[in-house]
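What follows is a single structure, written as structure tokens, with notes after it.
Naming follows writing order (A, B, C and D), and every chain is counted from residue 1.
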Amino acid sequence: MKKNSLKIKDKIIKLKRKSIFISLVLEDKRMQIGIIVVVFFILMATIGPAIFPLDLRSDYANRYQTPSFKHLLGTDFAGRDTWSMLVHGSRDVMLTAAFAAMFSMLFGILVGSIAGFSGGWTDIILMRIVDAMLTIPSFPVMMIMAATFKVSNPVGIGLVLSLWTWAGLARAIRAQILSLKTREFIQVARMLNFSKFYIITHELLPNMMSYIIVNFIRSMRGALTASIGLMYLGIIPYTATNWGMMLNLAVFQTGTIYVPRGIWYMLAPMGAIILFQYGTLGLASGLEELFNPRLRENE
Amino acid sequence: MENKKGLKIKELTVDYKVKEGNLRSVCDASFDVEEAKVTGLIGESGCGKTTIVQAILDILPSNGYIESGRVIYKGKNILELSPEEQRKCRWKELATVFQAAQNSLNPVMKIKDQFYDVFEDHDTKLSHRQIMKKMEEKIRLVKLDPGRVLHLFPHQLSGGMKQRAVIAMSLLLEPEVLILDEPTTALDLITQSYIMTLLKDINEKLNITMLMVSHDISNVAKLADKIVVMYAAQIIEIGTVEDIFYNSFHPYTKGLIDSTPSIVGDPSNKKPIAGDPPSLINPPSGCRFSPRCKYAKDICFKVFPVLKEVENNFHAVSCHRWQELREFMN
Amino acid sequence: MKKYIISLLIVSFLIVSCVGVSIASEEKVFRTLGGWDMPPAYNGNPFAPGGVGAANDYIYGKLAMYRPLTADFVPYIAESFEEKNNTLVVKLKEGLYWDDGVPFTSKDIKANYIINGGISTWSHIWDSLDSIDSIETPDDHTVVFKYNENRSILVTNYILTEWQKVAEHIFAKWMGPAEELITLRKQYKEQKSEELKKVIDEKYTEFREDIRSFRPEKPIGVGPFRLTRVVGDEMLLEKVEKYPGIENLEVDRVGMGKYTTNELAWAQFIAGKVDIEKPATPRDVVDAILKAQPKMKHIPVPDFASFCVVMNQERYPFSDVKFRQALAYIIDRDKVRELALYYATTTEYICGVLPSVIDKWVNTEILNPYNLDYDKANLLLEAAGLKKDTRGFWCNDKGEKIVLEMSARAGYSDWIIAAEEIARELTDFGIISNVRIVQGEIFGETLAAGEYDMSIEFSVFAKRHPLEGLKRLYSPGEWIEKCSRLDKVVKGPNGKDMNLTDLVTELSKTFDIEKQKAIIEKLTWATNKYLPVIEFLEKNSQFFICDGVRVTGWPYGDELIGGLAADWRLYTVKWMLDGILKPVAK
Amino acid sequence: MLQKKLFLALITVLIALSITFALIRNIPGDVIYSRALTIASEEGIPFDIAYERALGLYGQTLEGSIFSQYFRYIKNIASGSLGESIFYKIPVIQIVLKALPWTAFVVSISVMLSFFIGTRLGMLVAWKRKSFSNTFVTGYASITDATPDFITALILLIIFAINLGWFPLKGAYDISLTPGFNGPFVISVLYHAVLPVSAYTIESIGGWALMMKGSAVDVLGEDYITAARAKGLKERRIIRKYMGANAILPPFTSLAIVFAGMLGGAALIEGTFAYPGMGFFLGAAIGMRDYTLIQGLFLFTTLGMVMANMVTDLMYYILDPRVRG
């Protein structure tokens, strides 16, 4: 009986928290924009292709058209509808970015938390490796990997991308852990000598969830631009609809940058990327404030 | 009685915008801070003491705003001054020692430089040497060694030293009014009393007007001439220390005094007040203390008591039944 | 502070739309673009990595230039030459000097061939240079090349158009080894023994390493210009004092900018900072450039190189000729051309001879034009044992969908676009094809190793004679032959077997034009029937010349086209020497 | 203390070396082919001739197993030699010393500039949270973040070099000048550096601004800011000495990483401006599979990073008294 009432009680509390959370979300303008944007892109990637059929048949006469009802974002150098290409490209772009972010978070958290928590030699060695990774310029490495690996699916690409982004995260996570370690509840947990694993998974990580989520979004942004770089280097199997490829074709191959008529074709993928960046940025900083009320106070 | 240089707080009302709605954290508060005297502002934490301080200095957090009221100083309402005028008047006229003063020092600057800034930004026509002299003098005033302290960074000082440094800083421009917000919390008892005596003789030496905000009535009693008691955003009683301690009319004040442990005397006769302070978002309709008041009658629950002067020298109280109660309370 | 920069940017963005192009004119300078390695990698040894670079054409010379369009030679540093009964006699111009003041003599020419012979010991071009018995220098201005009986039809052409880069007095110490290598190699041609090959290899490596490590700071040339300065992004060449006809040369300096990427070349055209270059440029960009910079002229000229789809004929279904023919019917060559290289020429007859010269050599009646025809394609595919599944995709006899991969080299925009278009056309037809862009450094390897389905490649380079192209298709070890892995023995028109490799070799030794045509007819017929490759366009070099900013007087018309098609850099020098191309009068 | 730092740095370098070594030695690819193609197009000669020429020029040899090569390599470095470029046949160090200064010059200026501007911007934004500038900065950051640096460079080039003709198209200095410490040369160098520097700067300001904003907002919560306001200090002083001085610390720590990143990532921008920096040789070396050269260049970026790290540590020591204890 008593138990039950207790249950109900903390259910109520939960509900209350949730409602506050939501009201906070609705409060923050950037947050709203962020959510709208992200949702927009998700829809684009999921149901978009169904709504806007893709026709890659070239139509040279109608190349570089300016936006119209027929072509929402005009047409490319081969007279194909830019908008529908964007839509069909979005899925892979999003997936790649998501996977890349996921993997780098994974490695980052793993290495970071181990190093930060166990300290001592483990820490020193791991951190040396991390530093080493950070000292290796990522661009030429990408060039090399472009020549070495033959990846095709978003997962693989994500993995390759993450290989050179996890290091920074590991560092940050470690720093977080170190600061958390000094907190009472961790001290207590250690005194009660719970297993490291338990402490990391049940005490530390939950307390860094906000940080992790925010960084997940951050690294997703990074991954997006990076994946475009990869397409530029030709590491990803060619797809006409990949935003990176579109941009690349626009700027470098077909010299659209010099063709006033074609400017739309160049701006389309760029705009999409910018929008995504802006949205996620808003979302990230919004969430940050949400999780860290201190920031809210001096709004 | 004359009170030119003192502070007059008139019908001050401060609200906070919060998710749950409007939080009235100071409700129509009026009291005087008399020149050269020490006025104590007492109340449980969260009752709006600090808000009053922030309101006086007009440095409320961005989601708080002054609904109504005036703060009269030297005949003009300082809340209506232009930001620049306000800035000029701060520290020169009213200085503040903040709650948890340890944190009110900039960790990356030497004490000296932090002091120096104050002079620089309030265009005191003082030469460098004069300024240095002033700093040292103030540091000495708080019984610190200027030769050393000035050249140190905050993290190199102990809590007590920081506190004193902050007090010294507040005196740099010889302000008319000094507001002390919980000046001694987070310090050990010895330091506490030390700081208190320090403040006392500062008050006597410079006969500086002081508003001392604290939750610890016994502590304040040591140097206050007059005490203002707050409960749930309202002022419920004002009076001299004597009045408050030996002749208080409000059940809450009484309870507060009884509940405070005094170093002397037998701890067994402590009677803490039952219950919790009410929420300020939707406070009780009648007397805000009524839910906790053991003498509450139905009028207390319905009608909102106003602060009215009783008898002599400004002793004021807001209670419906103070007359009946005074007999058996004291 | 920051806001300033931003606003400045925005403002300038606005200005851009209205502001015209400003041109800084320079005194008597000729500007072009080219490639070379940055110092300190740069050096003056034409046989070392980082050597000379694109300065070549201004500091060295050729005996003569071959003009493919008119099929004739124009003497350059040769005064005259005549070829009769197995000897080629070349008379040199008087008054040629190396930059270090040493006179240029017939000895240098001999030296040039010896060193080159050493350098390219294993090169195919020396198949034809093996046909030189001896080089004699009766006097300082006469060289006599003595040929042996089975000489190649191209030997004279090679000799006359070879760069003269070797100053005997500088390369003397390598003459010995080079000569030795040449003789050894001749031996090897007779008795193909392994140990001899080993010996040659050793000596060759040693020779190569040794000549590589010679790194003078600047090249010693024999041209009308001398290299004076070279930095990362620019080369400066200045007029020499002593050179035949130098008095007519009014251009004092040649400034060569670094050629990085097309879009940057375009940028410099718009700025009017280049007098001649030939980047492949899409139609709209051409228009944009000509609009922005009225002094720029755009002149497409045959490039004697063609693009094709090369197919790995070890792999099913390419192994089946019917499938290849079907593809030829499906691919819309003209559309591909339009998208990939608008200013190129669509290949009308797939036959291994370039469209620009096909009329001279081939009787096209016997060739199948493979005009777009889906019905024929369907029939062929069914004949090849393929079936269409319910969803309209072609499957092999086992009923598995056919999925092909079309490779293209990363960074070659025209190839990529072509690959995409072709893959799409095939997919639309029901043969699923995906494009894969392969990094330049791996690309060659993948093809040579036969780890690909089909790929875009250069089909033939044939500036001098169809032989060159057909060799590339059918001679063992030649690139396309390597990649396509086709069967060189095929059924001829008369049903008899014919060996294409042998035919090519035969062609290379046949001097009588009619006989040549006969052989070419066989080869083209075979190419057209068995399709080792599906050619779709012949490249045109898109020359941009700037007339009236720094220099003027370009000889428009056939002279210009012929010259640019022949040897564009060298020809511009020639025009300057002839005083045709001169600085704009100030 | 210092010894420990040095020791750790050494280990870092060693690990980095090993990783890059492993990476580099696994690059597949037929260099000759690609080189032949460039020769063919550069000299306008048939491919087969070009191929032979390329073979003659660039056919390269590497003795020994990977491991023996690795140990030889480490030994050489220990003895202070970076070996000879397989491709160019000259000491790697010679190339590095020629190229590195240019890159370092441009990059360090850009890093400092962007850090300065960015952090200022971040402070401003943090102080006026609700103002337009906030959205502006976020927007700016997302735009620059989304635009690959080489595109930014190209746009700058088109606007300022082509259309406005204010700045030179390319190169590090005017070829007609004699390198050395003479007025015209120095001026020309600076003049030529304007566009590359601004390209880098524009790209990286946004990031700094955001980072700074983040930490500044944190600091704003601190009591000493409130106190400073109560003290009636001027706003500028509070922003600079109270908020700024504290908020700058976190971004400052990542200065080194950014520096190193730019040092290596220079390739594309340098390409756009034909700037004679590491970018060119890195690109060429990777293209040519010139292992020793790649390693040499990487080694120097690594060293650069490690050094930058130490410098920032040192300066941090000055900036934040607390670490001094």
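Rule of thumb we're sticking to: contacts are C-beta pairs under 8 Å (C-beta built on N, C-alpha and C of every residue); 3 or more make two chains touch, one makes a residue touch a chain.
Remember, it's a predicted structure, so these values are computed and weren't measured experimentally.
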Length of the shortest touching-chain route, chain C through to chain D: 1
Chain closest to the assembly centre - both centres taken as Cα means: D
Chain pair whose interface holds the most contacting C-beta pairs: C-D
Distance between chain centroids, defined by C-alpha means - chain B, chain D (Å): 56
Whole-Å gap between the CA centroids of chain B and chain C: 90
Distance from the mean Cα position of chain C to that of chain A, given in whole angstrom: 46
Mean-CA-position distance for chain D and chain A (Å): 24
Junction residues of chain B, two or more chains touched: none
For chain C, residues contacting two or more additional chains: 261, 263, 267, 270, 439, 441-442
Multi-partner residues of chain A (at least 2 other chains): 147, 251, 257-258, 297-299
Contact footprint of chain B on chain D as seen in their complex: 222-224, 226-234, 237, 241-242, 245-246, 319-322
Chain A-touching residues of chain C, taken from the complex the two chains share: 261-263, 266-267, 270, 281-282, 284-285, 287-289, 292, 335, 338-339, 408, 410-411, 413, 416-417, 419-421, 424, 428, 434-439, 441-442
Residue ranges of chain A touching chain C (in the complex, touch as defined): 56-58, 60, 63-64, 77-78, 146-147, 233-235, 237-240, 249, 251-262
Chain D contact footprint on chain C (complex, rising order): 1-2, 5-6, 9, 12-13, 15-16, 19, 21-24, 34-35, 37-41, 47-51, 53-54, 56, 119-120, 122-125, 205, 208, 212-213, 215, 229, 231-234, 236, 255, 257-258, 260-261, 263-264, 267-268, 270-271, 273, 439-445, 448, 458, 461-463, 468, 471-472, 478-479, 567-568
Partner chain C, residues of chain D touching it in the complex: 27-34, 37-38, 40, 42-44, 46-49, 51-53, 55-59, 61, 85, 87-90, 94-95, 98-99, 117, 120-121, 140, 154, 157-165, 169-173, 175-176, 198, 202, 205, 271-272, 274-276, 280-281, 284, 287, 289
